[in-house]
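Questions regarding the structure given below will be posed in turn.
For reference, chains read A, B, C and D in written order, and residue numbers begin at 1 within each chain.
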Amino acid sequence: METLTADPVWTRAGLLLGAACTLAMFSFLWRENAVYRFFEHIFVGLGMGYTVAITWTNVLKPHWWDKRIWVGASEEVFPFWGLLGIVGLLWYFQLSKNRAWLSRIPIGILMGSGAGLIFRRIYGLFFTRDGQVTQSFLPLLVSVDPAAAVRSWNLALSVSAAGLLAFYAHLLLRRFRRGTDLPAGIEIRLAGGFLLILICSAPLIPRGLVIAWDNSLIVLTLVCVLCYFLFWQEARRNRLATGAATLGKWLLMISFGATFGSTVMARLSLLINRAQYLLEQCLHLE
Amino acid sequence: MTDPPIQVLLLLSILSVFLLVFIFLARRGVPVRLRRIAGLESIDEAVGRATELGRPVLFTTGLEPLNSVTTLAAIAALTRVCRVCAKYETRLIVTLAEADVYTLVKDACQQIYAEEGKPELYREEDIHFLSTMQFSYASGTAGIMQREQVGAAFFFGAFAAESLILSEAGNQIGAIQVAATTSSYQIPFFVASCDYTLIGEELFAASAYLTRDPAQLGSLVGQDLAKFAILLLVTAGSALATLAAVLGPESHWVKAVLAGLLGGAAS
Amino acid sequence: MRRWVITFFTFVSGLFYILEFVLPGQTGTGQALRAAKPHVGEAIMVIAAFAVGLGVIGVCRHHLRKVMLRQKGWPNSVALLASMFAMATFKIWEKYDPPEVAQRLHDLLFLDMYNQLTVTVFSLLAFYVASAAYRAFRVRTVEAGLMMVTAIVVMLGQIPLGDRFAALLRLPWTFTEARLWIMSVINMAGQRVILLGAYVGGLAFGIRVLLGLNKDTLLEKNP
Amino acid sequence: MRRNQPRWIYLAMGLSVTVPFLARISFQMPISKPVQRTFDQVETLARDNRQRDHKKLALLVADWEPATMAEINPQVIALLHHFMSREIPFAILGFRPTGPSLAQELAEEVARQRGEEYGKTWCNWGYKTQMDTTIQSMLSDFYTVVREDIKGTPIDRVPVMADFRGMEDVGLVAEFTGSSCLLQPWVEFVHAELRTPIVHGCTGVMESPVYPLLSSGQIQGFMGGLSGAAQYEQLVGKPGKGAEGMAAQSLAHLLVIGLILAANIKEGASFLRRRAWRP
């Protein structure tokens, strides 16, 4: 496979086809139409054909087919060649009505290996030296550079203030709609109490240390969001747990807001790429 | 390959024992009660609203085929919606993106209508297998929603980028919308545009609640305990870390405990 | 009986990896298991690869029927099948020193058609984001409100204009900083819990799989 | 007008991404910490390699598909420029069918500009299935899992692989993907076992789930979406598609924010008006 040199005829044909595909897909914005459907089918066909080819050339051929001549011939004996083929072909019993359960055997082998590996995966992700749980053992007090502390304090305070404002706006809105006054829930008292404790305990802290706002917020979020994802009724008996769960839901929403923002960037990037392609490569507006 | 420290093995086996014990307890018939899930209770409300307006209800199960856990959980929710619809005599439209899901859903719906004593209300032409192609499926569903002016829409299952197309269509016609998905990066879009959203694992909890499958219910409780154990671990760990910071460099014993917690990993 | 056979295979392949993890690897059985691991892994890789034909057969059945019966949209099915076989042929041929034309055609199909089609299909979403932003994203609850405010801060933090905007408003921080803070504190902790939930759920699912406690629709459909 | 309302919005969207290209506006991006750390990690590898007899490879894990090409390609191009300018040999591997071919395409493109060639600078290990078990096997015995390169040459005959013994000779894993959960096995198996530094490139959508891994130190840095690419291009000094797109990105972002605000203000105003008129 040599790298091909650019050839104007082929390049032009490629660009023309590419532009046609792009425009056909964009026509969907006007309404769903026949041209769009035609190109969509081609798209699915190409994707499937590609996957089949690459699976053969990169996996089945080198790891299975090429080995049939090796049986007993070299030290890298792979005696299960035939057996493996049989197990692999069991997949295709899915197409039969009465023997479909046989296709559960390869699925079972794959699922079983995944299930067995989950222990190692949990260890590797959560409990090694820099694991997720291990790294959540955060000190709530640290000695830090005062300037940085002030900065993070500013941010934490702005965000908490924004949260409180949002909550009161919500109360006001509900009052408008329902005509009733709702008392502040336990969750707001919990959040306020937590902030108050942190602020009031400031003078009690030994010299040279400050509250690690970020760490405190991280631990608070971890605990509250975990409480939200508890489903057993017994775990919700406690009012504190219920409050923590509601607060957890709010914190989770902030996290989803972040996802929302970055998703917008992702979607726009794709469109920008199309604009680049059409304007620069196809129309040469450069 | 290095060996994992004994503390981690111990912790993992404790977590597994939690799960095993509760799965078997639940299979033995020990009752398990789950907390209130707001989105689940809204099913009756949403179908009721559609009935009042005299408009049909739409349900869709997402992109994944039958072997995905998420789709199975969605089908469990569909059985509930179907039952409520049969009770209220409201028309139910289902759109699907996988052929194997289609056969299962068709049989299930027919059976539920029969069980509720209204087999004549079941209409096979209201269960659509649209396309396995993401955008055809999405635009097909959105088209049906607009043509039929559905009063309530349920999006349960695994969704990808088409979440927005679906929920925007529902918004346009003023349908009450309930979504449930485990695709965490689609949740924000559902939250922004639907009336109720079941977040992540809530879908599995809902499915366990609706199917009353003891293995699922038991493992939910086991998972709760496992998560709670980890919560305690994190709290203890950060309390120790704080203590170490307060005591300063002389706090050898705190550091030793912290290090011992996960087999030298946490130093 | 069938259930037992399937559970047996599942359990054995799971047990291999569990024992390999738990047993000390320097001696005895642990050492043997570790030595066998690459071969087991290779076998599993091959088994997984065999599934690739299923999708093809499904698609062929569905679309061939459409073409035979001249159902609505059958020319699309012809296009799908043709493009599938063309792509597969040229991709496999690529490995065996094909003539230049074949390679050019491969590039045409893969680079100029497949890639462009995929990117464009997904770029349609940008338009939907914009129209949904106007038509669907209403702040109805405090949760949605929190989400929207965060989203706007994050969005302003990822464009170069955002920081100029912050300077204009004389905010004590830039939006880039605010974005990084939200991302690495609250978002980080929230995502950590989601990760934790997913893995604990995975553990529970894994245990149910190994013991054969999951409901299996396929088995129940064909008893 | 109301029926065509989405089409007006589509038009505004289309204009907001095309106009900046025609007007040729460009911006400097502030470099964010995760991107800076990615850059520093590559520099560290280059420095360490200079002191070693056997150079360690960088492993480019190509798990992206054409759907996310728009965001990932600029990141990979910038990173490849960085690898080649620091003479870091690298290998490509993927667990998504199209990934290795897309990466190969980009590598050939960058190599052409820099006068490098396949085999001497990099090697493509190709596509593999079953990610988790395969990575496990690679850790035990690399040559069982990778037998030949993408062109069918036995792997030990590719010059760049001459000194390669196994995964311990990988000095950096650079994972690029558009789907979630493809990064985690590298952390759980490779980083946990060999402490290999990992850097990551992902689409904007997948950015927020990466932060837990970054803050725990399980990955050393990452670049997210087009803005990450633009920043890396700036660091490497090779402005490309990423930097070019940032002006359009800004305008389109403002449009989306404006639409959200407008909708909510409109809603709020009509809500208040309805209330005011009600007796």
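In this text, contacts are C-beta pairs under 8 Å (C-beta built on N, C-alpha and C of every residue); 3 or more make two chains touch, one makes a residue touch a chain.
Because the structure is predicted, anything quoted here is derived from the model rather than measured.
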Most central chain, Cα average position: A
Higher-contact pair (C-beta pairs counted), A-D versus B-C: A-D
Length of the line joining the C-alpha centres of chain C and chain D, rounded to whole Å: 16
Whole-Å gap separating chain B and chain C, where each centre is the average of the chain's CA atoms: 18
Distance between chain centroids, defined by C-alpha means - chain B, chain D (Å): 30
Residues of chain C touching at least two other chains: 17, 21-22, 34, 39, 42, 44-45, 48-49, 95, 110-111, 114, 118-119, 121-129, 131, 135, 137-138, 143-144, 147-148, 151-152, 155, 158, 183, 187-189, 191-192, 194-197, 203, 205, 207, 218
Chain A: positions in contact with at least two other chains: 1, 28-29, 37, 40, 44, 50-51, 54-55, 57, 59, 63, 110, 113-114, 117, 119-123, 125, 128, 131-134, 136, 219, 222, 226, 229, 249, 252-253, 255-260, 262-265, 267-268, 270-271, 273-274
Residues of chain B engaged with two or more neighbouring chains: 1-2, 4, 135, 161, 184-185, 188-189, 191-192, 200-201, 220, 223, 227, 230
Contact graph of the chains (line, ring, star, complete, other): complete
List of chain D residues in touch with chain A within their complex: 7, 10, 13, 17-18, 21-22, 69-71, 97-98, 100-101, 108, 112, 126-130, 132-133, 136, 144, 147-148, 150-152, 184-185, 187-189, 191-193, 203-205, 207-208, 212-213, 215-218, 224-227, 241, 244-245, 248-249, 252-253, 256, 271, 275
Chain B partner contacts - residues on chain C that touch it in the complex: 21-22, 24-26, 34, 58, 62, 121-122, 124-125, 128-129, 131-132, 135-138, 140, 143-144, 147-148, 151, 191, 194, 196-197, 200-201, 203-205, 207-208, 213-215, 217-218, 221
In the complex with chain B, residue positions of chain A that touch it: 28, 32, 37, 40, 44, 107, 119-120, 122-123, 127-129, 131, 133-134, 136-143, 206, 209, 215, 219, 222-223, 226-227, 229-236, 249, 252-253, 256-257, 259-260, 263, 267
Of all residues in chain B, those that touch chain A in their complex: 4, 8, 11-12, 32-35, 37, 67, 133, 135-136, 139, 143, 161, 184-185, 187-189, 191-192, 199-202, 205, 220-221, 223-224, 227-228, 230-231, 233-235, 237-238, 240-242, 244-246, 258, 261-262, 264-267
Residue ranges of chain A in contact with chain D within the complex: 1, 3, 29-30, 50-51, 54-55, 57-59, 62-63, 66, 76, 110, 113-114, 117, 120-121, 123-125, 128, 130-132, 134-135, 176, 255, 258-259, 262-276, 279-280, 285
